[in-house]
Amino acid sequence: MSRIDGRTPEQLRPVTIERGWSKHAEGSVLVSFGDTKVFCTASVTEGVPRWRKGSGEGWVTAEYSMLPRSTNTRGDRESVRGKIGGRTHEISRLIGRSLRAVIDYKALGENTIVLDCDVLQADGGTRTAAITGAYVALADAVTWAQGKKLVKAGRQPLTGTVAAVSVGIVDGAPLLDLCYEEDVRAETDMNVVCTGDGRFVEVQGTAEAEPFDRKELNALLDLATGGCADLAALQRTALDRTAG
Amino acid sequence: MSRIDGRTPEQLRPVTIERGWSKHAEGSVLVSFGDTKVFCTASVTEGVPRWRKGSGEGWVTAEYSMLPRSTNTRGDRESVRGKIGGRTHEISRLIGRSLRAVIDYKALGENTIVLDCDVLQADGGTRTAAITGAYVALADAVTWAQGKKLVKAGRQPLTGTVAAVSVGIVDGAPLLDLCYEEDVRAETDMNVVCTGDGRFVEVQGTAEAEPFDRKELNALLDLATGGCADLAALQRTALDRTAG
Amino acid sequence: MSRIDGRTPEQLRPVTIERGWSKHAEGSVLVSFGDTKVFCTASVTEGVPRWRKGSGEGWVTAEYSMLPRSTNTRGDRESVRGKIGGRTHEISRLIGRSLRAVIDYKALGENTIVLDCDVLQADGGTRTAAITGAYVALADAVTWAQGKKLVKAGRQPLTGTVAAVSVGIVDGAPLLDLCYEEDVRAETDMNVVCTGDGRFVEVQGTAEAEPFDRKELNALLDLATGGCADLAALQRTALDRTAG
Amino acid sequence: MSRIDGRTPEQLRPVTIERGWSKHAEGSVLVSFGDTKVFCTASVTEGVPRWRKGSGEGWVTAEYSMLPRSTNTRGDRESVRGKIGGRTHEISRLIGRSLRAVIDYKALGENTIVLDCDVLQADGGTRTAAITGAYVALADAVTWAQGKKLVKAGRQPLTGTVAAVSVGIVDGAPLLDLCYEEDVRAETDMNVVCTGDGRFVEVQGTAEAEPFDRKELNALLDLATGGCADLAALQRTALDRTAG
Amino acid sequence: MSRIDGRTPEQLRPVTIERGWSKHAEGSVLVSFGDTKVFCTASVTEGVPRWRKGSGEGWVTAEYSMLPRSTNTRGDRESVRGKIGGRTHEISRLIGRSLRAVIDYKALGENTIVLDCDVLQADGGTRTAAITGAYVALADAVTWAQGKKLVKAGRQPLTGTVAAVSVGIVDGAPLLDLCYEEDVRAETDMNVVCTGDGRFVEVQGTAEAEPFDRKELNALLDLATGGCADLAALQRTALDRTAG
Amino acid sequence: MSRIDGRTPEQLRPVTIERGWSKHAEGSVLVSFGDTKVFCTASVTEGVPRWRKGSGEGWVTAEYSMLPRSTNTRGDRESVRGKIGGRTHEISRLIGRSLRAVIDYKALGENTIVLDCDVLQADGGTRTAAITGAYVALADAVTWAQGKKLVKAGRQPLTGTVAAVSVGIVDGAPLLDLCYEEDVRAETDMNVVCTGDGRFVEVQGTAEAEPFDRKELNALLDLATGGCADLAALQRTALDRTAG
């Protein structure tokens, strides 16, 4: 039984990773997972937040946001409402944790890298696209920092690569990389963040309708591990290209 | 090798669930997991939020907060800072989703139940204690609503029970129900929410240091499933008692 | 004519003062005036706010808050609304002023003590219970600071004791320590804060309905003075016990 | 021993009450107590806040604010800081309660009167000047509402008059109507709000340094009662004039 | 003397107007003026804000925002700071007024169109690019609304076209369409909004250093009028194409 | 054809500039343009904002606000709403820029002058009255700073004078200094800020209804230039008087 958009259950949507999308940022990527498009920039600054000063260690953090009309119905701007919603907070924190999992703070030195992930168009999987794209922007920013000697010679702040994908159970079938239409119908929804060597950084599964059992959980984890491996290959290919 | 407080790896801390801790709330519980103490109240009001009016369905939501000196160092009040932090948002949403997993909105009818989970003292596992205690407060509130005929005769808004526990890998060993000291040393930290019949509502695992592999993930899930079963039994016992 | 709960006009509700209610705070008390229960913690930190640095003097301040379901109807959290209401502000300031009245800033040295008074259950008189309980938490915190040598040997930061009680005119009769039901019916409502030697720190009387004359004012002051003396005795007794 | 500005202990500063200071407001007054100048406007609108609709009763409320440079050192605007401070909240509430003490809500009908009291220049006693001036603006607004038939013929929403004055103990001597320089040196500070017939609406006494005893309290109340009577006479005179 | 980027004084930067850049919005444009890139979406909703209900007239408004790393140095997100800055407010209002100048509210009927202008990359002239691009998105949204019969047959809500350009005096020379480097060196900076028939909707000139005289003002207005005519032609060309 | 209030098209309303209106501020003015009354204070403090420290240069900034009942209908306080509106932001920025146009930062030295412009009564032209009055308060503050030796001997921080006036096209006729009634009927509205030597600091013209052509723009600029010259003369006269 084929999916809405004709994919097989274990197939990613078409993924593109365009580097060099900003002339200002030290790293920048426009990532798309199908119709989901996220603009990721990495900003490097010397120095770290106050609570980390003098530690000799760096810091990496992330902010996620959706443009008001990235979705089908226009959402209010959080700047206009004057506060950040719970979902935004949650996703920003997830992205930050995911990237920090592959950072060696000591090697980074007292530098801060902020990843901004702004969703230009949403069609499901915005947080997983954001993590996948932000990693590439981060890698470019680290290279830039090495070039500028902000990072000491011979130190490699990146300890590995990281990518993320969503999986879910739709009409009883485990599927990889849900688009919006699948996502709203999913009984269970899971976001999985893996390193390039296939280990887990984050596993977040939620029963949207019926609770799920161990067998379903295992099926989803299998799918996600495969999807993340595919994404890791795409990240490598993108990083091998000369940035546009 | 025994744990800081002498427990075995698969042993919960002493858990107490005291019902009837508020004379005002429709359901109220003081739950403790060791030194972690959370005060949970369930407030029932007729009617639902605007976006749900006329649907014939109810709503359940939760708010989590820590008293400023529930922790070792006093934290600023979020009311004074004028905004809610990301961690608070995230946990409030987790508690709400967990409880809604065992609610039949149609059977609840157009009533709203708000669960307030205020941490009086924190020693690790505040969110899992909150979910476990809030379920009992919710059950009492549902009974109250049935008594008041807010819920139609013969309808059961609760479709099951729900409890939560933390697990983690500390010094390479998978442990159940981490206290604060274990939590800060954990390489991997996972919160698992299960229904009384042993299925998963939420699985949230995070690598704090090294990424974790599938085998470790499985060990943690095994521990968590057992812990939740123990908590479900304690919830049943508490609900069988006449409330104080 | 006896009162709703059978008390005589000049009788306090049952008052309990439990010390050592938090394992983290330097001083902590659960105080109850009848069904009103307030959790008071005292947090000691070295140093003072910026405007006081280098003065050689300490600082004491307080924050009051009600849990959302401490009252009969659930109130919105001020953290969620994003701002603190006028009543909360007013009571926090009253508690702070009351405690500072018995503090010798020079003897305290450049240390700050913050009193958090969180109302777990409200039945009238929450601010007076908060002041009475917070004093005991403050006394424990001062002792702790002396033990830690934060306060110089031989210095006594406390210049006396302080307690508070409400009085009011209900159906023409002056009554001590109003419960909620009496409070809403009171024509005049007064909160009085006294030192242990019977002098006034604060007198706040408000005509809720008819203005009051000098004779009524005198009757209320007589009642309040007696009530505060009773509370001072209860504070002494509590402080003489070994903390739980 | 005479005061800084040559007054006797029981003497008010020069008080002026200028009506008709705004062409827009239904009642408006520039009140001065010596160098303290407060601009009070009364705004009448048909209808009441939602919680009072259908009650047939009106509402009166007040907002107090200080212009940033009304004081010796410029203060930040609360609009720029994005929140209202505790002192502002407290005084706004006091003014509102004081004026409501002489309002018959039923006679006012479902109309709302908002009193805005903006301090143009501060020299002690801004809240008492505000109450005294706001009463006159309120009286003009009520007359306007009667003229417009918003208030039913033959109904008198005002049940009396109200004025306020500060008293304090400075260098051991009880003084009436403290200017700023006296206020900062006062050991005890009290604000008293009286009706025109000499009864109390509010009594708020605070020990700034040493607690005060009953005898001192009595001396202050005597002074305040006399001062309020003088202010009531000045209000009558102002209202007898044709507004400018 | 040629400009930094080789342009003549009266020459625009390369301008591109790409329509159909969002699959969700009723109108969407990616507009670029050289390296300045603004993403404009037009969102149509039935109904109008409360203050306009029942008028039979529509409403058009705009919100402008810069992505945090659209500039050379990362700026804080206004959503994180919790308030909108003065510059953002000012530009949002300017865009809204400019577009409303070519709207016939009656013909639009009770529909609301919100223009979101998010700056992806900034290099001077973001507000003028936003107005120019937003007009095209607005035109597409109006066509969409006509197709959906939200706008009555035979009514044309657009009364003309509108475009904007910056001009300034740099080193004494009047220049059209300043890039960032020119903008920071400009003695006078002016933004001019014109209709397609060459009349003025907005003229905002500011002396950044020396005040400017009438002759300089005239030279700037001449340049701006020409630039807006060029932009109007580019808008027409873009709208003549079939949207991507 | 004469105007509502009998003026000729090129005639200002009666303008008064009263200095010394505050005993606290270093400069203070009550300025009135007809029934528009704005209270302007200039506050001098040593030091500059952080981003300017060590530059040897001063700073001048402004904050504009309307009292809630300065207008015909009471407006909410921005402090109560918790945020500053776009119009307030815009006008505060305009006033600040206008005054900075006549300041020599180096000559001012590392001192800050804040201009507060609070509208006591509004009848059109509040921003132009504010700029005109604030200049006089600024001049007095500069003189004060010279007297206090905050400004080095022989340095003159003021490089000229500045005033502002509104002009507009009402019923096809260009008019100077619009009152509120004219303002709401104006097809085009322009605010012009000029130096005493007749050059432009700001020109802000807006088509409220029909766009305006170059000829109309020229007519408005002619009127405004004349009006600003008249205001400059009034400023000189005011500054020649000894402050009240």
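Observations on the model:
A, B, C, D, E and F are the chain letters, set down in written order, and residue numbers restart from 1 in every chain.
Note that contacts are C-beta pairs under 8 Å (C-beta built on N, C-alpha and C of every residue); 3 or more make two chains touch, one makes a residue touch a chain.
In this text the structure is predicted, and so the values were computed from the model without any measurement.
Touching chain A and chain E at once is no chain at all. Between the contact lists of chain E and chain F, the overlap is empty.
Once the centre of each chain is set as its mean CA position, chain C and chain F turn out to be 50 Å apart.
Centroids of chain B and chain F (each the mean of its C-alpha atoms) stand 59 Å apart.
If you average the Cα atoms of chain D and of chain F, the two centres end up 33 Å apart.
Shown for chain B are the residues in touch with two or more other chains, namely 82-84. Contact ring, oriented from chain D toward chain F: the chain order is D, F, E, A, B, C.
Across the complex, chain D meets chain F through its residues 22-25, 28, 35, 39, 41, 43, 45, 63, 65, 67-72, 74, 77-80, 82-84, 88, 114, 116, 118, 120-123. The residues of chain D lying in touch with chain C in their complex are 83-87, 89-90, 92-93, 97, 101, 190, 194-195, 197-207, 210-214, 217, 221, 225.
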